[in-house]
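Same chain, two partners: chain A is paired with chain B first, then with chain C.
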Partner chain A sequence: MSDVKIEASALSRSYRRADGAEVKALSAVDLRIEAGQFVCLVGPSGCGKTTLLQIIAGLVPPSGGNIVVNGQRVTAPGPSRGMVFQKDSVFPWMRVHANVEYGLSCRGVAKAERQKVAAQYLERVGLSHVAGAWPRELSGGMLKRVAVATVFANGADVLLLDEPFGALDYVTKRQLHDVLLTLWAEGEAGRRRTVVFVTHDVDEAMILADRIVVLRAGRVVDDLAVAADRPRTTDALLLPGMVRIKHILLTHLGLEAAR
Partner chain B sequence: MTPRPGWWSRNWASLAAIAAMAGVWEILSFIYTAEAAPGEPMVPGWEIVFGRTLLSLADYWGGGLGVASVAEGAPPSYTAAVLAIISNSFDTIVRLYTGLIAGAAAGTALGLAVSWSPWPRRVVDSPLQFLRTLPLLAMVPLFQLWFGTEFIGKVAFVAYGIGVIFFAGVANAVRNVPQIFIDNARTFGASRATLYRTVIFPAILPELRATMLLALGTGWGAVLGAEYLGAQSGLGYMIVYSEQFAYLDRMFFVALLFVLYASVSYALFDRVSRRLLDWTAKSGQVSATL
Partner chain C sequence: MGILLLLALWQALTSVVARSSLPTPLSVAIRIRQDFIHADQLSFYGLNTGLLDSMAYTATNVAAAVLMGAVVGAPLGLVTARFRLLRALVDPVLMTAGTIPIIVLAPFFLIWFGVDRISAMLLVAIFVTVILYVFAQRAADNIDPVYEESAYTLGASRARVVRDVLLPGTVPQILGGIRIALAGAWGLEAIAELMGAQYGIGKIVQLLAGATDVEGIFAALLVLGVVAVACDGLAAWVVARLAVWNQPARTGAE
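Let's turn to the complex of A and B:
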């Protein structure tokens, strides 16, 4: 099974709340993600999707079960798994280009090389003109572009995104979907990066994902393939297959009655 | 952006306030004519301070550079007085900044160490929190007995006072670094040392600015305190010596020197730190938008 990229088996995570109650964020999650897949984790807030992502990243240890990425058990964060956070994670004390170079410099890549790579990704996300600016001079959408450019520049083959565009306005969000999909799609089919994208936005998941995994109360309750071609235009999202998926998702979220 | 107003229009109000203070002092010197000792007014006017007082500071010149000292029988001269001010100021400032650099370095290193892993925290944190509660100036005699009244004794005292402030400031600032920056660096594969160099240290700098300002004030107090007891030179020594003879005007003159030096050191620090903290939002933006 060489093309399984991420494999979670019987993964659980519980923690004790301040009032002493035991909270199960994840219980017995089994999930297999193949290399090059674009997977969205969808679920109501508090369902454990962010916890699952943090466990894959290695930021949070599981209470039980196993998480294996690239055939190796995850025990700590590492550069093979890039992460884009919900909140702004761009370092305010580094200029934009230094932020994009950050992962490369952590791995000891020579200055000339990392400047070249950073310039290349800044251009792809449309931020060449602010390479020398401080992050405080950028808008929220531009900061997200910096964060996306940074993880792609670092060359991680697994990208974990935790509601990255949740706080952005609709137009900016749609532009960033295009940026993300373009960067993701540029690899040859066999060398595409594997993406796990957490969102609570059903439409966002349907625009982006190959596969939508639904979580509820710490368990995987559904796993849907999205076969529609890309780019997914407004019309494509209205095809019967897509509408059916949307109904299923909305039902899981408790917004529609099961039928 | 509107052009920055000129230096004069930004500062005229402060200058006027300082001039007014000087004027009030001069008026007081005419109204309140009591004397600490015969011929030593409690409130020396400016004509005394920059005349007779300045000349009398020649007493503190120990001789050399072709200018004979008063103790050797030479008459007081303004040259000797200026040399006395320069050499004593130099001694104090060297003691202050040597202690400041040593104390800031040691305090920062210890403050970072307690956040590095649990063991340094257990070993270092409690004793240093305990030391913090000791009143600084009460420790002057102890430091003199331990380290002597020479250069090392004073520098050690200043370094101690500043080190404790820096330790507390750094340890606290590290606790305030947002977790997201640490997580972000770790997902890029930053090693612990890289994390400290590229994230923790720059992230705590804005808070260290406040610590440094506090330390500068404490440092001036500490070096004076150390010089009050047992020093043979320095501005603190000049004050103590003057007090023994009720030379109130000389004490006032030295106090003015302190104000001057402290202001210069604050201004220099402000300029340097502003450059280092260029990445933070410009201060003064609030009043500019109101």
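Let's turn to the complex of A and C:
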């Protein structure tokens, strides 16, 4: 578990706002993420966590510094880094199974093979019964399941999720946490996929993460290991170690005074 | 239902308005039947055709013009939506062309291309091109960038993003634009024919107007109207077939 999967060094990103002011979204971020880790990026809105994720994905170039994934410098988006977006990214003009197959078809996987893989992942997320449906016929939670199935089916070993479940109701969100953790955990240790999950929801981070990285004003301000066993039950979240982490996170978010 | 109401209103109006300015629906229907294959009043002006042939001539021109406009306008709109420099070049040219009234443009086309069908066709094609350029460009502007980003992170090439995201994502708006262009094209084609042509519904109207043959004009316009409405219905059907995914949601339960 010691090989480094994602390495950001002195990463910065600034852009010019419409009024001409220079805004620094990220400044001098150093971050090493090991293979198989489930990392949550937490911070108040505007702290740069989405920007960091987009730089790792290759959707946004850094203004300075370096981002290396799998030993290679990131210059453009690619299938080795799957992304689940905050907004619905499922193509409305393709049926559900075609969406799940899309990445595979881009990489030239034969039709029979990609149909098999897509069917398998649709079953894993509990959507076999709507494989032939149009996305407009699905609910928001089902669309997120399709998006998750799509990136897992594509076989990326780095998964980037940008507040994917932010707009969902509590029950649906918890169900999707289970789906995500099951898919993540299915690989044997060492072959697990590396996950970077952006959220502003402290509880969500504590349920999911091995490690929580806190960003504020474009900088990494804290880096917490979450050692609790999985699955993390309601009781597990109330253990002293977890409560301590929650206090630290809430303090970083400005919701509690430092103690 | 609406058609019956219109007919009733028309019939009622004929009882108050002079026959010479407003013929009755029945007399127009009879006139259509008389003139359908060969119109005697037209052969007087050296035009040996009827409503059917004239309508076919006009319809062919409209179809060709819409096709030309769609082939040029829609791809140009999509491409310029993604390349700023090209957009800066094309936008002013097409926007200027789009604001010139057809009445102003028509004489130039008649001088350049003569009174053959090519003049009228090009006039209408320019109008269709501008409409579809605007529709396609706006559709490409409005498509959520998340789809393209998602495609790239799944491993799609640029060409595949155009084929699998940009095209299908803009098809409903472009087809909507084609319907609007088609609706306008009938009128413009008729005007272009009025200004100078050898055949077509517009030509018939121009000739019969000289003879104040109101009944004949009504007959010609009614045929044009019926065909235009039928074509719009056909276009709407095709649009619905080509963008099945874009229908309003029926269910949304989990």
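As a working rule, the second predicted complex is superposed on the first by the 257 of 259 C-alpha atoms of A that agree within 3 Å, B and C clash if a C-alpha of one lies under 4 Å from a C-alpha of the other, contacts with A are read in each partner's own complex, and residues count from 1 in each chain.
As a working rule, a residue touches a chain if its C-beta (ideal position, glycine included) is under 8 Å from a C-beta of that chain, and two chains touch if they have at least 3 such contacts.
Only a predicted model underlies this, so the values are computations on that prediction, with no experimental measurement involved.
K.L.:
Record, for the superposition on chain A, whether partners chain B and chain C clash or fit.
P.N.:
Taken together on chain A, chain C would clash with chain B, as the superposition shows.
K.L.:
Give the label of whichever partner, chain B or chain C, reaches more residues of chain A.
P.N.:
Between chain B and chain C, C touches the greater number of residues in chain A.
K.L.:
Give one of first, second, both or neither to describe whether A:Glu186 is in contact with chain B, with chain C, with both, or with none.
P.N.:
The answer is neither, since A:Glu186 touches no partner chain.
K.L.:
Which partner chains sit in contact with A:Trp93 here, chain B, chain C, both or neither? Use first/second/both/neither.
P.N.:
After superposing on A, A:Trp93 lies in contact with both chain B and chain C.
K.L.:
After the superposition on A, what does A:Asp223 contact: first (chain B), second (chain C), both or neither?
P.N.:
neither
K.L.:
Looking at the overlay, does A:Ala57 come into contact with chain B only (first), chain C only (second), both, or neither?
P.N.:
both
K.L.:
Which partner chains sit in contact with A:Thr172 here, chain B, chain C, both or neither? Use first/second/both/neither.
P.N.:
Only chain C; A:Thr172 stays clear of chain B.
K.L.:
After superposition on the shared chain, which partner residues are touched by A:Asp30: those of chain B (first), chain C (second), both, or neither?
P.N.:
neither
K.L.:
Taking the superposition on A as described, I'd like to know which of chain B and chain C A:Ser139 touches: first, second, both or neither.
P.N.:
second
K.L.:
Touching chain B in one complex and chain C in the other: list those residues of chain A.
P.N.:
Residues common to the chain A contacts of chain C and of chain B are 57-59, 76-79, 81-83, 85, 87-89, 91-94, 102-103, 106-107, 134-136, 150, 154, listed in rising order.
K.L.:
So in the complex, which bits of chain C are touching chain A?
P.N.:
Residues 144, 146-147, 149-157, 160, 164-165, 168-169, 171, 243-254 of chain C touch chain A in their complex.
K.L.:
Write out the stretch or stretches of chain B touching chain A in their complex.
P.N.:
Spelled out, the residues of chain B in touch with chain A are 180-181, 183-191, 194, 198-199, 202-203, 205, 278-281.
K.L.:
Could you pull out which chain A residues touch chain C in their complex?
P.N.:
57-59, 76-79, 81-83, 85, 87-89, 91-94, 102-103, 106-107, 134-139, 141-142, 150-151, 154, 160, 172
K.L.:
Residues of chain A touching chain B in their complex?
P.N.:
It comes out as residues 57-59, 76-79, 81-83, 85, 87-89, 91-94, 102-103, 105-107, 134-136, 150, 154.
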